[in-house]
Each structure stands twice: as structure tokens, then as C-alpha cells.
Amino acid sequence: MKYVFGAAPPVARLKPGNILDANSLDCFGNALQKPGDSFSLVKGDNPLTGPFYIEGAEPGDTLVVHLLDLQVDGKQGVGTFSPGFGAINATHYTPMLEKEALPEKIWFYPIDHAERTATFQALDSSYKVKIPLHRFLGCIGVAPANGEARSSIVPAEFGGNMDAPEASAGNTLHLPVNVAGALFYFGDGHAAMGDGEIAGSAIEVPMKVRLQFDLVKGRHTGWPRFENEKEIMAAGIYRPVDDAVRIAFTELVGWIHADYGLSELDAYELLSKVGKIHLTEMVDPNYVVVASVEKKYLPPKK
Amino acid sequence: MKYVFGAAPPVARLKPGNILDANSLDCFGNALQKPGDSFSLVKGDNPLTGPFYIEGAEPGDTLVVHLLDLQVDGKQGVGTFSPGFGAINATHYTPMLEKEALPEKIWFYPIDHAERTATFQALDSSYKVKIPLHRFLGCIGVAPANGEARSSIVPAEFGGNMDAPEASAGNTLHLPVNVAGALFYFGDGHAAMGDGEIAGSAIEVPMKVRLQFDLVKGRHTGWPRFENEKEIMAAGIYRPVDDAVRIAFTELVGWIHADYGLSELDAYELLSKVGKIHLTEMVDPNYVVVASVEKKYLPPKK
Amino acid sequence: MKYVFGAAPPVARLKPGNILDANSLDCFGNALQKPGDSFSLVKGDNPLTGPFYIEGAEPGDTLVVHLLDLQVDGKQGVGTFSPGFGAINATHYTPMLEKEALPEKIWFYPIDHAERTATFQALDSSYKVKIPLHRFLGCIGVAPANGEARSSIVPAEFGGNMDAPEASAGNTLHLPVNVAGALFYFGDGHAAMGDGEIAGSAIEVPMKVRLQFDLVKGRHTGWPRFENEKEIMAAGIYRPVDDAVRIAFTELVGWIHADYGLSELDAYELLSKVGKIHLTEMVDPNYVVVASVEKKYLPPKK
Amino acid sequence: MKYVFGAAPPVARLKPGNILDANSLDCFGNALQKPGDSFSLVKGDNPLTGPFYIEGAEPGDTLVVHLLDLQVDGKQGVGTFSPGFGAINATHYTPMLEKEALPEKIWFYPIDHAERTATFQALDSSYKVKIPLHRFLGCIGVAPANGEARSSIVPAEFGGNMDAPEASAGNTLHLPVNVAGALFYFGDGHAAMGDGEIAGSAIEVPMKVRLQFDLVKGRHTGWPRFENEKEIMAAGIYRPVDDAVRIAFTELVGWIHADYGLSELDAYELLSKVGKIHLTEMVDPNYVVVASVEKKYLPPKK
């Protein structure tokens, strides 16, 4: 199992246009299966499937990933609270002195494939409620630039652990190619997730995925971008959230200016009226914001 | 005109249950009316209507504001870019050395009341596009605690310039009462706004409003809260956005625990799966996040 | 007692050049005197002495405060830890879920005026150690601009609770005049303090002060500035610390450019080699950074 | 040349107690030598010397690096301003729309070894001033944990580009060992630097260094720590500065508690009175704070 986005021998090679059918373990390597299981069973977080070598991909190109289909591989998902990880508790990077920390907890979510729901079951009461599935990949990315290798816990310019619900079937993801073959990885399937992933986990599931790859030769992508028929979506990834927002919107203004022809100030003004901000997660080492706009508000593409 | 939330002689007194019909100027005091007008005409930002004294309101109570109806008062709105204000340019509180700053700009938005749209008209091209109206009050709040008086540019615990689209017809707002009579103010009507209000303005309009007031005696509200039939929504207001998110979600966890009976950890976990984050603005001196959850995911209210 | 920087009837009027001898209570209103005393005795934090009306001061001028002499008024100081306040624990503006918060604590510091030391006495052991005195005013400022009134807990453009050790005898402080007479306040004497005031208090003491006032007519000061024979020092006050640093250094670059004639880029480069950063406190609602440079590195003043 | 901290074949092997004499290029690979040279000559930033394999070092140990001697290797240093890098201009991670960015600039600093000074020479005037040398290593660190490889621009738990003047002769640095042999690297010599390294560079120089290594077997170091006869110093490395401060002080409180026996709350209080904060740089992808206390304020080491 791989736990790092970086240069490694590819597990398979694909050509642009090829379709990949593959699967991934859940973020705990499928180690948590039943009440009583504990984190000590987990060998590493976010095991990755890959890397896949995309023929012809060279640094400076853009890798295009069409997310064709994502299916939960199994009958339950898992959610966890782990001390030191989360948006409103003391963490590794926002440490606090405290008399006593919150304890480790695990929730299991039965999944009903027919009605496409997962069921939340409270630990401290008998309360249950159904949650509609929204399946996506928490981890999706390529080998980083400059010879770096990054933990599968980290999102950054190369994608990675973006925990973005935008990485779902029907959307297309653009990623920078930093090394020959791009070296594409994925993992960390999610059956559903709230904004911010605030307690530190989604409904974590193994996943069966169908993806198709393309290349845009000679076009560099600075930060990950999503697109579908209705929207263009630019990711900004850093800390604090303020900087993630700044990255996402300077990218989106630049995108609109370059591809749709509005001046930068007109694009800035228009986004101030119709732009959307999605804070996908505020728990990983970097935070992720997706800024988007509906295409119906933009001029025809140049 | 008043430009400060604070203790001042009331313009009128209302009893709980009373309905208030009143209007407000736009955030520029209606000074910008046609191409060629400039910021030098503006006497102050965010002129406020009020304060209104609510009979029986005492410190420690909660003021309940039902937003019954909001109508744009006029045929156009205005949007502006003002150097030193905005989410992705150098500002008063995030200053930067630069060779040359972006210039001041003003956009006018014709409003069609029948079809409920405003029209964006690009300054640097002939592009136009219609935007559906979503009418709300940018400024809504009460006199602050501890003898403070705060500029109508600032949002904080007392509400104020939250620029929250949640302050729209059909929603109810809960605010802390800090002084006798609460001293309620409103202003800064918006016809529509993107998340983050990133270039520094919404579609700014004069507004006609119908509000109804209630009191919850002896119940303190720490930060503003919105509610409607479908959702509960807690505001967090500070800088950086990270802290606004922390405030909003600790409030929401506490609200669910107190009123709906889930344990704090169960509430935290559930929100990690179905919670929503709305970054309403990232341009005012404090930033505003509204964290929310649909009631259908919660147990019956206690 | 006053707990707000704002417009209020002056307690005295002084002319430029006049010397003021006055005293202040400690930040707890002298309420904590002996082991066993608790926070319930405290009527308000940071009681202020003032306001003093400076004849001739008008908005747009700069008030010059020469700190001539500061003496601890009494034989002991006090330090406290208060849940919800501090740099490395959950706070009002950086809230965290926790199983159990740290408890309230009070330390008393005997002061030896002859040897100019205060003695730290551990609560959980018999350890004691002497700390050299460095006496300064935690609160020093004027009425804010735009009709605001701000809590004496808050530092901002008008000065206020800067907790800056630079507010000590021998230094001069420049503050913006926002209202007629400036309306000067002070309080919150400190006998000594570590950088960041991280646990939320200094060695808190009543103070006897001797100050002299001057005016620079028609010269606006954006943010507080300190100066002595050897250094120029610009304060930046906001959150996160990053923005406080940005404010302080853009101010310092501008100061060097305007008064000492270096180009902005030469000043920026020189500060990158010899500039100093002092994070005075990271516990109040806004954080305070003082950026400074020794005059020996600057060209002759223009 | 290596530009990454990570697992790589060692250039040499040393035993604990061994002394290493080696040298490093400046941060531009010595490419900028005279007026007229430009950044296009630079092949990569922060070339590293190493890695050195320390015999017996295993994950979970602490590597001890005694900085015995550092000498500037040459007769000049260089300082630069590069658009997109710096504390008070738009950057890669804090991007801003601007009409026109500041231009690239290079300053050369003649070094006088006898009087131990470097001379700042303004570009836009004839002003010159001498700056005392304080020689240190900007980059010093080991291979990261979890199979990561990190750019030599980045500081993190493994040390790296901390730009800490504490990495100077007479000080000892403790680093976590993450891989067999630790794999120690250094580079990026600085002849002098201001706090924050605000314009993005120090006085950049090639360096001759003499280092001695030791191991503390079985003792893990979470974040880099410095020590000398007079002080203990804990580094905190992240963004925003607030979090770097939180990391540094929770480390320092823990250090004092573990090695000097004060309770955590007594240590917190004592640091609030005598602790020091050094913001070494606010320009790299992560920011670095060193929190310190003089040993004279601590009980005898346990």
C-alpha cells in the first residue's frame, strides 16, 4: 500500500482516452469493521491506489480526469473522532493546553444501496437518521513538482487529499502534470460528507471507480480545477482558510478572464454577485476551498 | 443618519409582537446614481435606520426578529470596487506594497421587479447578464455589550454588518440584548450577493422592510442565530475565517446538544456528515461564517 | 471607573507641553489582593484613568505622549489564568470542544522596589525566582474614530490595550487624534511581561505615571508609533498575527520612505536585513506586533 | 545538487561524536555575482549539502547537532526581491489582484571579514550602511517522516528552511530522526538577517561549517529545539503565525514540565512573564517561530 503522492514505479500505464476501472480501500485500509475495533488496527491513513502512468504526459501539460462512475464497495461506512484531528478541537497544528482531551470514538453507517442512503446511529442515544449518499474520492492527485513526495493526508497544488465532494461522477478534474507520466493516484472514498469535514472524517468507504483520462498538451494548471456542464470550479488549498479563498478566487478570476474574455475587474465584480464558496475541509494539514460560478452567468467561451 | 451600532436615543418604541414597516437607504446613502458619480459623493458607508426600542428587553434576554418582507426600493442597484477593500486585493488590514493599485470602479444594475432580476453590465465590454434577486439586509443588529459603540462596517456578537443572505424574508434572527430596549438597527439592503462578497459589495439597494419582534426573556444568545422551518443556522464572526468557522460550529454543536438532546460528540460527528458552511463575507473588518444543519437530520426538539 | 475608550466628559484638560501626574488601578481594579481571592471580586477588566482633553487637538492631528516616568504603586503584582483567555488554550474567539478546561488560577508577585524585581512563586511547588522589573502601561490610547467606543480589552488604531512594553519611560508614543481634545486614557500597569503575554496576564500592578503631551498639527498617524533616541517602532494591530506583521511593516516602510528618504524597495530590503519584530500580545481580541529598526541603520532624517 | 529533504543515497557517513567540516553554496547556487545578473541564471533555490548518514540513528531517536563554527565563504553576499515572495507583497500562497506588481531587484553586500560587517548599498540612492554579521544556516534538517520528501524552500517538523538565526555557532539543535541514519542536510548560509526575513532574503552567502553530531537514543523530538548555556528554545513551524506560536509554546511548556519539573500551569504563567518570541521568517511556505526562555528563570534540571 502507498501512503505518499510521489514518484514511484507505476502499477499500470494508460493512454489518453483510456478508461480505468479500479477500486480503493477506505481511509483506514478497511481495518475498522465492527464495534470494539480501535485505531490500533489501522496501519496507515489514506492508502492510495496507483500510481498510473499516463502515456505522453509531460511536465507542463494538464491531466484531465473524467469521473465517470463511483460506487461504494460494501455495505457500511465508518466515521471517527480522533483526538488531535478536527476543526473545533486541539490538533497537531493548532495545539492547546487542556485538562483533558475528548476521547476517541467510532461510528458505523449501514449503507442501503437501493435507496442510496447511509444511516447515522448516535453512540450516546438510540437516535438514528438516514443521510443521502453523495459519493466522491477524498484523495485524487498526481506526483508533486520539484521532486517532492507528499503524505496522502495532505492536499496541495497536485491535488491529493482535497476531500472535495466535487470529485464525484459527472465532473472533470484538471491537474498539473509535474513528472513524466503524471503518476495518478486515488483513494479515500466518501459516501457522504458535510462541509468542512469538521470532526475529521466523512462516511469513509471502499470505492469502485471508473475514470477516463485525457491530456491538454502544453497547458499548465496551477491549482486543481473542476468543471461540468453547468459550472467552473477552482480549488485553493492552504492555511488559513483566508489564503485558500484568495487562491481559489484569483484562479477563478484568471480563468474567466482567459477563457471567457471578461476583464479582471469585471470578473471580480461579477463573482462578488454570483460566485460560490465551498469550504470542503478544514481539518487536513492544508484547508481546501472550491470557488465556483455557474456558466450561465459567463459570456460564451472564447 | 447613524453610522454606529450603539446606545442612542430611539427613533421609535415597539412592543413584542409589533410589526415594523420602515425603509433604509443603500450603503452609500443613495449617493451613487449614474455613471460619472464618484465615491467623493458618499458621506458615510452603511447609514442605519434606527435605533428602535423594544419594550421590556433587558440585558440577558434574546431579541427575536422575524423578517416578514423585504422589497427593493427603486429601480437600480449599485456595485463598487474601492481600493483597499476586497478579498483578493490589498486592504487596510491586509496591506501590501504594490507598484500600482487597482482603480476605483462603479457598476449599475437595472432591476426588473416583475421578473425579479438585476442585470450585470460589464464596464470593459458590452456583456450583460441577468441575476435573480435574493433580497436581504446587510446590516441588522443591536447595541453592543459593555458600553461599546461599533461602526456599521463591522459585524460582531451584536450582529451588525454580517452581510448574511440568511437575513432574508422567511427567516428569524436571534440577537443578544445588551442594553435596555435592545436598540435595534438595520440598513445596507442587498438585492443579490455572491458568497464572500469578494469584491467588497453586493447589488446595493435601498430597501422597504417589514419586521416583527419578539423577546425570549432570560435566555442569553452568545452569537447571532438564524432559523426557519427547515434549518437552524449559527453565525461565527471573526478573523481569520478559521476562527469564524470554529465559533459557528461550537455554537451549532451547543445548540443541538441543548435543544435537540444529542451528546456533543454525536452532534459533532453528525455535522461532519451533513453540516453546511456559508462564508457570507470575507471583506469587512470581521469575517462571517454561517454554519447550518437541516432539521430533518435532528431528533425532535426537546 | 471607565472601561471604554470613547467620547466621554474629560476629567481634566491639559495644554501641549503640560505634564500629567496621575495614577491607575491594576487591570482588576485592585480587587485581587491575597490567596483565596477570586475573579468574582473583579467588577471589570482594565479600568481606565481619563479621559484627558488636550487643548487644541483636532481630528487629523497627531497626539505625542512622552512617557517620562512609571512607578509601581504598591508592594505586589498579580498574574492570572482565566479559562477562555490565553494564547494556547481555547478562547472566546478560538473556541474548542474539550472534555474539561484548565482551571482558574491566581499568582501573587512580591515586588522589591530597591532591587527592582518581582518574585514568581509557583503554585504547585515551592519554586521561586526573581524577575527584573520592566514597567509599562498595557492600556494607552485615545477616543476612536467614526464615533466608535471600544472596550479597554481591545487594542486598535487608537492604541488601547496594546500591552506593548514599548509604552515605558523614555519612549514617545504617537497616536491619531480622532475627536476634539483627543481624549487620552491610560491604565493596566505592568511591572514585567513576556512576549505575547501568552497566559493572558503580565505582572499586573497599580501605577503612578508622569506623562507629557505634545501635538503635531495637521499630521495624521494611521497606527500607533513609538520612538526613542535609538529606534523607530511601528505598531500593527489585528488578527491573525500575519496581518499585524503586514500592517506594522508597511507602516515602517512608509515611515522610512517619508522621513528618511529611502525608496520603498530599498527600505523593504534593508528591513529584511536589520528589522525587528516584537509580538507584544497574542491574547487580546486583536493581536499586537511592533516592527522596529535602529536609527543607526537609517540615513539622516529629512 | 539536491533541492529536497528526503531519502537519498548519503554522500558520507559519520559516527556520533564525529566532526563534519563541509561547505555550502548560497541559496542561488552562487549564480548571482554582479550587477546585471538576473534570476534567469538561478538553476534552483536552496541547494543542499548532504545527506550525511549518522551511524546508529533510527526512527524515534533524536539527532543532536552542535554548531561549532560557521564562516562566510567569500567576499560578498546577495539580497533579492522576487515578485510573488515576501511578507508584505502578493505571493503564491497569498495572491492578490494588482494593477502592477513590484519589480525584481538584486542588492550586493560587500563583506569585511576583519570587522565582521556586510554593507547595505541602496539601489535608488547613494546611501550605504554597515551591518554586523550574524552567521547562520537557513537550511538545516533531516529526511522527513512517513516517506515524504520536501522542497528545500519548506520548513517543517524535520527542520529544513527554518531561516532561524538560532542555527548559529555555539548553539545545539535537536531534530527528530525519521529514517535510518537520519540523513542530515544543510545549506542556505546567511551572513545576517532581520526578523521575519520580510522581503524574502537574508544576506545570502556560501558557508564553511564545522558541525558535530550526537544521538539521544529512544527519545523522540516532535519539533526542532535549540539550546545553549543560557537558553532553551522551541521551534513552531506552520501557518498562520498564530499556529506557529501555539506549537512553539506548547512545546516549551512541555519541555519545562518534563525536564525542569514545573507544572504545566506554572510553566505557562512563568512564560507569560519572561518568555521570548522570535518570528524568524514569515515568507516561506510555512512560517517559523522560536519560543524561548532563559535557564536562569527555571528550576534545576531534573
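Order as written gives the chain letters A, B, C and D; numbering starts at 1 within each chain.
In this text, a residue touches a chain if its C-beta (ideal position, glycine included) is under 8 Å from a C-beta of that chain, and two chains touch if they have at least 3 such contacts.
Computed from a prediction, not measured in an experiment: that's the story for all the values here.
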| item | value |
| --- | --- |
| Degree value of the rotation bringing chain A onto chain C, based on Cα positions, nearest 5 | 180 |
| Same-residue or different-residue interface between chain C and chain D, half as cut-off | same |
| Between chain C and chain A, distance of the C-alpha-averaged centres to the nearest whole Å | 45 |
| Intercentroid distance (Cα basis), chain C paired with chain B, Å | 33 |
| Per-residue multi-chain contacts in chain A, two or more chains | 88, 95-97, 102, 239-240, 246, 250, 253, 268 |
| Pairwise touch network: line, ring, star, complete, or other | complete |
| Of chain C, residues touching chain A in the complex | 88-90, 95-103, 240 |
| Chain A partner contacts - residues on chain B that touch it in the complex | 79, 81, 86-88, 102, 105, 107, 120, 122-125, 127, 129, 131, 192-203, 239-242, 245-246, 249-250, 253, 261-263, 265-266, 268-277, 279, 282, 287, 296-299 |
| List of chain A residues in touch with chain D within their complex | 3-4, 6, 93-97, 146-151, 238-240, 243, 246-247, 250, 253, 264, 268 |
